[in-house]
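In order of appearance the chains are A, B and C, and numbering begins at 1 in each one.
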Amino acid sequence: MGKGLERLQLTRREALKSAAAAGGLVLGSSLIAACQPQATRAPSPQSPVARVAGATPEERALNGIKALKDAGKLKGGETFTIMHHSGQRNNIVPALEEWNRLTGLNFVSAAVGAEPDIYTKALNEAVVRTGNFDIFLTFVNWIADMAEAGLIVDLTDFYSRYDPEVDHGPNAYVPPLDRFTTTYKGRRYAVGADDDAFSCFYRKDLMNAPEEAKRFEDKYGRKLALPTTWKEFDEWVAFFDRPDQGIRGAHMYAERYFAYTAWASRFVSRGGAYFNDNMDPTISTPEGVSALEEQVRLVRTHMLPEAVTGDWTVAYSRFPQGAVFFAWAWPSLGKFSEDPKNSKIAGKVGAMAVPGTTHNGQLVRAVPHVVGWSFSVSRYGKNTEAAYAFIQWFTGPKTGLDAIARVGTLDLFRKPWFDAEVMKKAYGAELLPILLEGTQNAFPDISLRGANEYLDKLNLNLQQAFAGKKAPAQALKDTEAEWQKTTDRLGRLGQVEAWRSERQGYPATIRDLWKKLGKFPS
Amino acid sequence: MAVDRPRRSAGPSLAALLNQERVFALALIAPLQFLLWFLLIIPTIIVLYLSLVNWQPIMGVDWWQAPFAWLGNYARVLQDRRFWEALLRTAGLVGVSVSLEFLLGLGLALLFRQDFRGKRLLTSVVLYPMMLPWVVVGLVFFLLFLDKGPVNYLIGRLLGADAPFDWYGHSISALGVIVLADVWQWTPFMFLILYSGLGALPKEPQEAALTLGASRWQVFRLVMLPLLRPIVFIAIVIRALEAFKIFDLVFIITRGGPGTATESLSLYLYLLSAVYGQLSYAAAMAVLVLVLVAMLTRVATKPLEQRAIR
Amino acid sequence: MRILAALRWLIALFAAAVILLPVVWTLSISFKPPREWVAYPPRLIPEEPTLANYQVLFQVGNPVGAIAEMTRSAESVSRAFLNSLIIAPVATVAATAIGFFAAYAVSRYGAGGPLFPLSVLTTRMFPPIAFAIPLLVYFRMLDLIDTRLGLVLMYTGFTAAFSLWMIKGFIDGVPRHIEEAALLDGASRWRVLFTITLPMVKGGIAAALLFVFILNWTEFLLALVFSSRHATTIPVQVSHYAGAVGRFYGPQAALGIVASLPVVGAGYLIQRHLVRAFTFGLVK
């Protein structure tokens, strides 16, 4: 009751604020529209669309550049700057050279070090508008902030004119990547360039040792097999936890940055969702609390303390060293651990699907898609269409394959690539089908406006729970309180719209589960 | 007062003008004063303005169009528990680190006062830690105190202890590692100032006192320390101001965790402005911090002023 | 006395050893291949020493290992080195010079009023992150973003406070009667400043130079915010070896060691000025 009243008042205050913000220009248009930057308000000029000719996304991109040049809108040799992470240089820089050769333009790379700095610098550009950057390659869940800050342009029209073949045809992205790496509030603001569905790796040699099967069966009364549910998973990890032999059960992120991953996977596979349709948080629910309790128990009894307090590089060190039995991380951990230059366990690494939860005999897996990178186009750059054309070319079925196959932090995202020889070589034939299945079950990070803040508050509390400083239920309750404040500050109406659109980007299995459980009636 | 000695010259030449006491003094502070005005006036106005409005870049309005919050942000800061905790924690860190740095720095400076073999090389060694980029200092200490890192390994070997100590799992020991890294990195600064300060002391009074039969300790306490006092003050004030902004080491070693258990004020401000994008709120907090620190510094430097006036 | 000297020497050696331990560990990491960076049990001497971490920095040859491939790029640290080698020394000399002038004016004439030194010190009183956006907005108006000049101006302004305070401490310690005597002899104020006072506070100036140089050489945040492609400095470059797959401890350590060498050089050159100054001045 009281809460509802408070909500109402807040909403009214917000409305007043946005009206003031728009400087009296609201003129009866809806409040949601008033909260938008020009990005979403301005009608697009190119509306009746003339499609660009060409058989492939790459061809169309190049033809588009040619047309722009012929029309005198683009001069040869013009410089375009791409802000991206330093770990992607090897993916991007060789491609830039080729693109510049093909187009006669001068696209250059501006690498940034630590990931959070990319966000800071991009948002700074939204404020000061130097025009120093034309293209951003950022975390997927920063699209909302960049769009709302008026930094990036709505690419929906370019999508229809150029057709990047994201969600149809034989070269489509693996769904649901086609949606959640590209879309905010139902509009295309970005082009996905990565797949970061978490993957599970374990020690094949220990798992397949004959004496283990017997011991496992004696202990748990069932055959030793790869776990499919989280319940089986917990027993399996406990069984292989051998501190006396210098090998711990698992390494799963529980630290300041990615503490949410394992909890979120358990939570969503149970049918949980971060918010209801009014943007009230729904994580301190039985699903959320039990998921956290289980994960806390696992972390505190079967993992090194480094899982909680180390930085996230540690997983990339301890697993290849043979110090843990199981690890979960980005797909590249597999590549990394199979390389004898980095690893003592090369040839002993198995990959498996992320566990799930059974609902009426049906197994539902929810794989966190952690981070992921997407391209977007700066409003303040030289020529948004030329910038877009490069993105389409870079992510195209042919050029993209070459770029992703080079070692770097981008991973494969178009469906046919999962059968490509060059990828089998890069990832190992065993991992690819598992990664494909995982990607199909992948759900996005919180991708609302203020995503960083929502996630940071969550991680902050979860890390305390994992460190044993806070009871799981309390950690989730505290997070909820923080989230409410954030939502109210940023404007509940706009967030509600964004969240309704965002959950359409969850995989079909999870949306079906929500329906069965009676969530989101609207 | 300095004697204003008029030089006989034909008319007021430029040289004579520049030699006038007031003009001379103004000309000397002008470059600094103008540079600071040039750098700071407009940004300060912007900070103050930001602190009075309710603005985040992701709200989609330009900052000069944002709705006014007047003192709302300031009120929010005062009620922010995380702010107060970070403030107290930071103050504690400053107290402990700066005291340790001062004592160690003074000890080293006294030690290096006399000549000995290899002194030049050893001086370089002592100064080295503050020359490393902060990322690297943070990184190395982080790695040294990992659960399965070299320090725990050595402890295990020496004590035969089985369970390694989880340094970053408890706020006190995690803060301890941060203090240790800070002391390691910045004791050289105290050494640098105190060493050159000791070098600048006149030797006669000390020698006189020694001939009069004073002990070395008495000479140090009664003759050298009072003369050294202005420099000691300045070293401590400078170091304390810098330590108060501690960010880098915390950022690398613990990220403020577990939870917010080791979060420093600067780290919180960083999260607020660079990660949460709450620029107005961060501006208000920064202004409050500035006022607080300025007042404390004023109190701390009072004795210096009085000395200078004497 | 012999014993005392030996003791002093031993203590100094011990202190140096303690100080060197983390440095040695940094060096050790900089020569280790990725799989040894956090190996357990830890080893001081790399099992398979490698120069790859250093080669990555300068793109010499074809370094081995996945890490090397990921950090490979068209862009090496040379531009960052060049920028740092220009920005830090220029800003340091400028800050020390204007700090010295102001310190003298404050110490001898109370110029700028009693609160002037404190007001200068406010530039160091709160975290630059809170000031970055307003400064960025302002520099955008001046078109100074991503320029060396912009960084030089900021670095000069933000470190002058320290040179002012440090040198003022030394000038306060110089007895005025020497200067007054020179003035009575007919020397101009400028002459007195440069030929009498300056030599006597050389130690303080040397210390300030070194400290300010270190601050400017290692400054990260402003460099990060105010550079995009042209004005990148070494500390920003160090952060490039923090990646999505983890931090590249090896190259970071290597770059840290390399980046510290110019400062070590500067420190070594400046060292003998740290203490001799005053004795020099009073010898007469």
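Just so it is clear, a contact is a pair of C-beta atoms (placed from the backbone, for glycine too) under 8 Å apart; a residue touches a chain by one contact, two chains touch by 3 or more.
Note that the structure is a prediction, hence the values are computed from the model and not measured.
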item	value
Chain contact graph, described as a line, ring, star, complete graph or other shape	complete
Pair with more cross-chain C-beta pairs in contact, given A-B and B-C	B-C
Chain centre separation in whole Å, for chain B relative to chain A (CA means)	40
Whole-Å gap separating chain B and chain C, where each centre is the average of the chain's CA atoms	14
Shared-contact residues (touching 2 or more other chains) in chain C	37-38, 40, 132-133, 137, 238-239, 242, 247, 249
Shared-contact residues (touching 2 or more other chains) in chain A	120, 127, 311, 314, 318, 323
Multi-chain contact residues (two or more partners), chain B	63, 146, 148, 274
Touching residues on chain A, where the partner in the complex is chain C	81, 83, 85-87, 89-90, 93, 108-115, 117, 120-121, 124, 127-130, 132-133, 311-314, 316-318, 320-321, 323, 330, 332, 335-336, 339, 341-344, 371, 406-409
Touching residues (chain side chain A, partner chain B) in the complex	17, 20-23, 35-37, 39, 116, 119-120, 123, 126-127, 144-145, 148-150, 255-257, 304-306, 308-311, 314, 318, 323, 449-450, 452-453, 456, 460-461, 463-464, 466-467, 469-470, 490-491
Contacting residues of chain B [partner chain C, same complex]	2-3, 5, 7, 15, 18-19, 21-22, 24-26, 28-29, 31-33, 35-36, 38-40, 42-44, 46-47, 50, 63, 108, 111-112, 114, 116-117, 119-120, 122-137, 139-141, 143-144, 146, 148-150, 153, 184, 189, 192-193, 195-203, 227, 230-231, 233-234, 237-238, 241-242, 244-245, 247-248, 265-266, 269-270, 273-274, 279, 282-283, 285-286, 289-290, 293-294, 297-298, 301, 305, 307-308
Partner chain A, residues of chain B touching it in the complex	54, 56-61, 63, 65-67, 142, 146-148, 166-169, 174, 254-261, 271, 274-278
Residue ranges of chain C in contact with chain B within the complex	5, 8-9, 11-13, 15-16, 19-20, 22-23, 25-26, 29, 37-38, 40-42, 97-99, 101-102, 104-112, 114, 116-118, 120-127, 129-135, 137-138, 141, 153-154, 156-158, 160, 162, 164-166, 168-170, 172-173, 176, 179-180, 183-184, 186, 188-190, 200-201, 203-204, 206-207, 210-211, 214, 217-218, 220, 234-235, 238-239, 242, 247, 249, 252-253, 255-257, 259-260, 263-264, 267-268, 271-272, 274-279, 282
